[in-house]
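Okay, so here's the structure we're looking at.
Labels A, B, C, D and E are assigned to the chains in the order they are written; within every chain, residues are numbered from 1.
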Amino acid sequence: MTIGLEHFLVLGALLFGVGLYVALAKRNAIGVLMGVELMLNAVNLTLVAFGRFVESEVALSTSVFVVFIIAVAAAEIAVGLALAMVVYRNRDTINVDRVNLLKW
Amino acid sequence: MSAPVSEVVVWLILGLPVASFVLIAALYPVLRRYPAPAGWIAMLAIGGSLGISVWLLMEAIGAAGRPLDFETHELVDVGSLLITIGIRLDGLTAVMTVVVTAVSLLVQVYSTGYMRGDRGYARYFAYMSLFTAAMLGLVLVDNLVVLFAFWELVGLASYLLIGFWFHKPAAAAAAKKAFLVTRAGDLGLLAALIFIWVRAGTLDIATINTEVVGAVELGLLGQTTLTLFAVGLVAGAVGKSAQFPLHIWLPDAMEGPTPVSALIHAATMVVAGVYLLGRFFPVLEASATASDLIAWIGVGTALGAGLVAVVQTDIKRVLAYSTISQIGYMMFALGTGAYAAAFFHLMTHAFFKALLFLGAGSVNHATNTFDMRRMGGLRTVMPVTYLTFVIGALSLSGVIPLAGFWSKDEILIEAWDHQPAIFAIALVASGLTAFYMFRAIVLTFHGSYRGGGQPEPGGHGGDAAHPHESSWSMRGVLVLLAVPAVAAGFLTFGGEFQTWVLGALPHPEEGHFVFDLGVFLASTIVAAAGIGGAVAIYRLRLINVAALRTGMLRPVYRALESKLYMDLLVEDWLVRRFFHGGLVKAMARVDEQGVDRALDGVWHVSFEAGRWGRLVQNGQVQMMAVALVAGGVVVWGAVVLFWA
Amino acid sequence: MDGVGHHLAFWSLAVITVGAALGILVSRNLIHAMVMLILSFIGVAGLYLLLSAEFIAVVQILVYVGAISVLMLFAILLTPRAARDNAETAMRYPGLILMGLVIAATVFVALETDWGAVREEPVTESARIIGQSLINEFVLPFEIAAVLLTAALVGAVALARRDDEDIDAHEQSLTLEGREDSGGSS
Amino acid sequence: MGEGFPILSILVFLPLAGALLIALLPGQRVPWPAAAVRALPGNQQAHAKWIALAVAFATLVIALVLFVLFDRADSGFQFTDTFLWISAQDAGFDVSYAFGVDGLSMPLVLLTGLLTTIAVLISWRIDVRPKEYFAWLLVLETSVLGVFTSLDLIFFFIFWELELLPMFFLISVWGSGRRSYSAMKFVLFTFFGSAFMLVGFLVMGVVAGTFDMREIQESALAGAVLPVPAIFAFIFLAFGIKLPLVPVHTWLPDAHTDAPTAASVMLAGVLLKMGGYGILRLLFTLMPETAAAADVALAILAAVSIIYGAVITVRQTDLKRLVAYSSVSHMGFVLLGVAGLGVVGMSGAAMQLVTHGLITGMLFVVVGMIYDRTHTRQISAMRGLAHYLPLLSTMLVFAGLAGLGLPALAGFVSEVTVFLGAFGRHEPQTAVALVGVLLAAGYVLWALQRSVFGPRDERWRELQDVRAWWEFLPLGALVSLIVLLGVYPSVVLDVFELGVRPIAEGIAVFQPDIVESEALEVARLGRGG
Amino acid sequence: MLGEVNLFGPQLVLMCVGGMLLVAELVVRDRRVLVAIAMAAVLGAVAYSAILLADGKVGRTAFDEVLVFDQFALFFQFLLGGVALAVIAASWDALARFPSRQGEYLALLLFSTAGLMLLAGTRDLIGIFVALELTSISQYILVGFHKDRLSSEAGLKYLLLGAIASAVLLYGMAILLGLSGSTNLSAIAEYVADGDSGVIEALLLAMVFLIVGFGFKAAIVPFQMWVPDVYQGGPTPIAAYLSVASKAAAFAILIRVFLEALGAELLSAHWSTIFAVLAVLSMFVGNILAIQQSDLKRMLGYSSIAQAGTILIGLAAITADRSIALGSGGILFYLAGYAVTNLTAFLVVIAVFNRIGSCEIDAYRGLGKRAPLLGALLAFSLISLTGFPPTAGFFGKVYLFDAAVQSDLAWLAVVGVVNSVISAVYYLRPVKAMFIDETASTVEMPARWRPNAPLALTLGLTSAGVLVIGLAPSLLIDVANEAVTIFVG
């Protein structure tokens, strides 16, 4: 069996699913962000795999796309962590299940 | 044939009382304080009407009762609906107008005395004018819808006058009852007019009587149509003329002032039903069903009302039941084809019954009561009243040669020819009439005085402890009315009256005088028996009434005293229990529990859905994320599984 | 890509990457999870190499391992009083189900779809080419990304910075939202 | 009033302008537009009502002038005032600003003008936020006039919806009892119905390519998204709620009872009429085939409403509520007449709109005046009012009698015409409806007996009968009009006939066997033979 | 090259001035100056767009079709510019709460606006992604800008959810890219147009993930749950911004992607149905939950969900041949009307909040007496939101429902109108509180007061807009339809 596109796609899918679970289920805000990062990595992996395997002009755009995603992810994390800090300052916790003043 | 009189003049008959009504209403703020002119205005107007009526009667006589030709005017013209208004002036109309205006005038003269000092003096005359106008309109017009309009207006006047002393709860209740019960009958008339228009396309009375009836005879129109129409008319007549089973309003209507009872509930309005059926006599003739129906209703009412009258203790109620009974006579007369006789009786009855009522009013003036158990012995202090009352009673009882005899006799003869069973029942009723009338005379005028009633606060009337004869205006009217009560019957001798009235029919015939010895003997014997019985029982006390009442005749008494259970049946069972207790309650339940509840339910459900729904929005960010992703996955899954 | 080396590399990297990710999933300690995350990033970087995307791999190592992870570590250190565990919330089971569904859906799509002709050899692609395209056809996203990074930077600073007025604002908000305080915890 | 003079626009928007003027009146000082009324008596707030009166009266005068100038030989729309208002390119969404009156709408416009003037007059003593009150009243007039004169579906709909807000405010601010509940209920019911109506309009407009009601043909609706009966039903729902018909009538008693007197007058007098008008103007004109097919169902609905409404009315103990419920019954006659499908029935129905407006309006006016004096509406609490309030009691009796269909008063004419027009097609339903007349007599007389009649009650000793000019004027106007229409109905009926004749002709195409009366055939034959 | 940059001018102005503000803040602390600069930037951007329009640049593309300057983009540039101006003006009082960070606030607002404008004007997946993130990240920060308990919580929630949503969106984009081999929307459109059914699942997954990502921004059920929390917690001007500008741009990109890239019959049949279902869900959920709310801001949040559902009707309403632009044009028209309407409502909420420090509906009792004009304007905007004439909201709804009917979706129009009825229940509640309830609010309220001048001016403009669109919708309808002609076959 050749290691082909499907392998990477399935791997990406698994990574995406695990990341999703982490994002959905972890109580710590930083943990949730980790899950998001995993999901983005999964997307990146998928994109790069497409760029490697798909017969078209796609290669370049996927790489560029991935670069942008990485950059944006970094920015997102930075802002996310900053917000987590602010929440921490207000509430002494960053557990998302306790950050629920706003509801109903 | 062009009319020898101007149309405007005819309208004046109606217009004068209308003007009187409007004038009194307009001047009411003044007349309220200085009421006397109100009476004069009303009497002047009605006097004028009487004058014109008499003139017109002469004209009508000149034309042998045939209708005079007047123009019709368009009132409503929408699509295929054409409602016109015009004058129908023939012998029948002329007679009716004269009777109405004459009795009306006399009653109003009487009223100036009777109502003196009443707070509502002006209002009273306004209402009276209104009534007269409406009644004259009812008689004069040539279109069924317009007739119906006046028919209802007459009911309105009756309502207002019965409830004239509205401070008495009984009067207010009686007014309402009268209006409602007659309206139930009016529905029949309304239905009839709708029906005939839809089927025959006309509302013109003459057209219905000739063309429509002709069309039925030619088979162009179903017999059923005519019968249904006639039955509707009968229903209207039964309501207005207080025939069984819609008679229950009339006795209660005695809560109104006595002159009102005399005019409206004895002489004029209550016989409007008779007039209506007479007006449509060709229709009635053409429909055997309707004729039989009205004949049996009439004669049944005549008997039943006569029976109930026997046990009444209120003199006006005796007269009321007597009126019902007498109208029953006219009704079955029409049903048996005695058209002219019915109207002859209508006329004589108008005079002598008005006389009787006014006499009762006179007595009331003296005693402050209508309860005969508190009267007695008034013969000596009120001789004029007594005498005229006796004349009226004799006339009513059908004692020869008074007016009542001739008219009643004529009806009985026709009944005998037509249907002996009806004749027999009518004869019994005739005897009962004599009996209860003389019972009333004995209780009221003979024996010793039993004290009278308390004067009403703010009312009129004098010292009941010392009764006295009434004022000249009242006495004068009694005397004047006694004249036709005695002599009106003579109009029949040459068949003149019949000719006038028959002239109103499409195929008129010469009227002629009828006399049957057998019938004469029978009715005279019965009347004598009735009078004798009354005198024997109540004056000579040959039979102990009290013992009878508690003895073997007890069930009969109870039945009669409760008016043959009709009030109970209608008011208690039909209205109170079935309608209010059942239907209304049930529907109100539907109303309260139905739509609004359903809507409340919808609202409740969505509100609760919101209350629970917002719990999902619990502020947990991961809950939101789950929803977000799940939404996507579910949408994809659904699309792939079900659509793709 | 059917050499043994490729197989070995792919499968080992796959195990590392997914295993590390699962490690985050099961880990109860935030620091451990952090380490696992870095491991997973490195595994992904390895996979990029396998896919002949060297430049991306380098960026991956630099940005994710070098920057983001450090940032996260700082964040952990700066929130000393916050809970340190990496436990799950009540969303665990919905999360599991959803994970299953999403993996099922994505794997299904990955396997069932005809992705078109497969390129045997990777196109050579270098940092230079990517850089050129960034200032040519993708100059616009590039510029936007620059602004985005600025915005994020400035914003993060603005948020994380403690200003005098913020303290006032904080107190003000405490008084304003005092009602809602009862339910919350601090 | 030459061609092109936008007289209807002026008519419709004059009240709105008045409302704005009133709304802009400052509390303290008098701006130049209101300076003219500086000299008038009363305080600053009194200016609001004077302006309102002036505007309402001016509108009435314009309406009256139009009524007089109305060409009674032209069955089309007159005084039209049209331009393309919204024209969406290629989108099939063209809305016209289109005003016009025909025989059907002209009397209703006049009625609206009259009743608004009366509503202003009887509100003379309003002292709670009078500015807003009169402003809303005038806005209401604009919306109703707009409904009666619009010739474009969307335009019509706008005015139809516009009416909700003034009523919402009038009821919930100046009302009594559970006023905010009632106001909300009113709004939700009406809004619900009109929402469906909007869908119906849109479906029609889309398939017909125009919203102009003069151009929509039923035959063109065949290809619509919804089947034509569904469109009919959607639109009918709105009108049925407004009319109102059982079982969607329950908003009416609440709204009427809790509304201030003037709002009740407007509600009963003109707002309900919008339902009947809509049925004739839109359903029967635009979808004659469906209407002709639905007539039996409509007649049954009508009969149910008449009887049900009347029976429930019998049970009411609150005088105002009683009047309100009686409206359910009376408005059933409108539908009954319409279901007759012929000129007579429709004219009767249209006539019933006007007569009910006058009579029920008057009832509300009188009940309101009585309430102002006695501060009760419970019939059981009243007794013998006629002793101390003779004129007012007379008016109540008059209005009540008019309400029960007494001849020579307006109600009789329309009811009889409706019966005549409906009986030919719907014998059982009409026969059942006849009972409603008796029931009407029942509840009216029962109420009169217990409220105005009866022994003197010392509680009412201090009450003042009608004396102010602003009380006399409305009563006098209503009494004379009720009598006029009762005695000589043709003055309005002929105009209505002009309006309904084209509608009936449109329906006759699909129902050639319409029998109102066997058109004198028999009589003619009988005469000939 | 310059020609290409020229088309990017409006956004560039915003970005540059935003950067300048960051610097300027170090020198100038005067609120007036900073706000003036920000407003000038927005005005400059709008003016730039106008100049481009006048210069006949409409229809040009730049940067390899990443950027497109068509009428559609232009429409949103004007709309978003207007909204940004209003929000800046509305932020006048809010700025006072963080005097040392005014520059950042305004800069972020400008960045975000630039991002939104770009979103409406890109035809490339990468461009879309980056623009979306630019605006999103700026918004996350702005929502948390108060740094108090509620604000920070809202910011964190928004960010976490936004991050997850972007990841999902990216996955969808990745699949699309893998399938079509291009990030360009036209190329994708070509691929989809002759796509075979073998890839339908993948296409659908990509499509659904795009819906998730954009639906998140547009606040469509079930991607909407952040909305009330963020609206309630964030600064009120930002809530207004989110509810209007962000939503508008989200719908812009939805229209562009779905009509331009995924518009082929193969997919449109599916997404039309999906949007119809989501529209129904959004309307019901938004309305039924809004009834429950006691906080006006939160209620407006739920209401904006319901409004999103209404707007979705326009997306669902795609006629088979798409010969008429009713649905998409209707969305644009509705969005514009909704923008002025919702801004009016929010501006009043801001004004009241600045004065009494509460957004509870109960606190509004008696407002009609204390501040009649403000109360009237709030009532007017709520009435417009309900869809009563003669307002922008009325015609917006009529137009969208008309679109639904034209697309044989009469049932959807029925659901829409029924929801309008439901919405009356809660929209009229504040009206009742302000004008009808007699018991005065427990919250202290000054007798007669006016909002600050910028706010008052903006309020005047937006409410005038509501009325003008309600009275003369023709012009706007034409503009909106013109804007979407590029999508019409």
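Keep in mind that, in the parts below, a residue touches a chain if its C-beta (ideal position, glycine included) is under 8 Å from a C-beta of that chain, and two chains touch if they have at least 3 such contacts.
Just so you know, these numbers come straight off a predicted model, no measurement behind them.
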Common touching chains of chain E and chain A: B, C
Co-neighbours of chain C and chain B - touch as defined: A, E
Busiest interface, counted in C-beta pairs: A-C
Middle chain, criterion being Cα centroid separation: D
Euclidean distance of C-alpha centroids - chain A vs chain B, Å: 96
Approximate Å spacing (C-alpha centroids) for the pair chain C, chain E: 29
Centroid distance [mean C-alpha coordinates] between chain D and chain B, Å: 37
Centre-of-Cα separation between chain D and chain A, whole angstrom: 65
Multi-partner residues of chain A (at least 2 other chains): 16, 19-20, 23-25, 32-33, 50, 54-56, 61, 64, 68, 72, 75-76, 79, 82-84, 86, 89-91, 96-97, 99-104
Multi-partner residues of chain E (at least 2 other chains): 126, 129-130, 133, 137, 140-141, 144, 147-150, 155-157, 160, 164, 168, 171, 175, 178, 181, 201, 205, 228-229, 292
Overlap residues in chain C, where contacts from two or more other chains coincide: 89-91, 94-95, 98, 102, 105-106, 115-116, 138, 141, 145, 148, 151-152, 155-156, 159, 170, 177, 180, 184
Pairwise chain contacts, counting only pairs that touch as defined: A-B, A-C, A-E, B-C, B-D, B-E, C-E, D-E
Complex contacts: residues of chain E adjacent to chain B: 156-157, 160-161, 164-165, 168, 200-201, 204-205, 208-209, 211-212, 215-216, 221-223, 225-226, 228-229, 270, 273-274, 278, 285, 288-289, 291-292, 422
Contact set on chain E toward chain C in their complex: 8, 15, 18-19, 22, 62-64, 66-67, 97-101, 104, 107-108, 111, 114-115, 118, 122, 124, 126-127, 129-131, 133-134, 137-138, 140-141, 144-151, 155, 171, 175, 178-179, 181, 198-199, 201-202, 205, 357
Residues of chain A defined as touching chain B within the complex: 20, 23-25, 32, 96-97, 99-104
Sites on chain B touched by chain E in the complex: 606-607, 609-611, 613-614, 616-617, 619, 621, 623-625, 627-633, 635-636, 639-640, 643-644
Residues of chain E defined as touching chain A within the complex: 125-126, 129-130, 133, 137, 140-141, 144, 147-150, 152-157, 159-160, 163-164, 166-168, 170-171, 173-175, 177-178, 181-183, 228-229, 232-233, 292
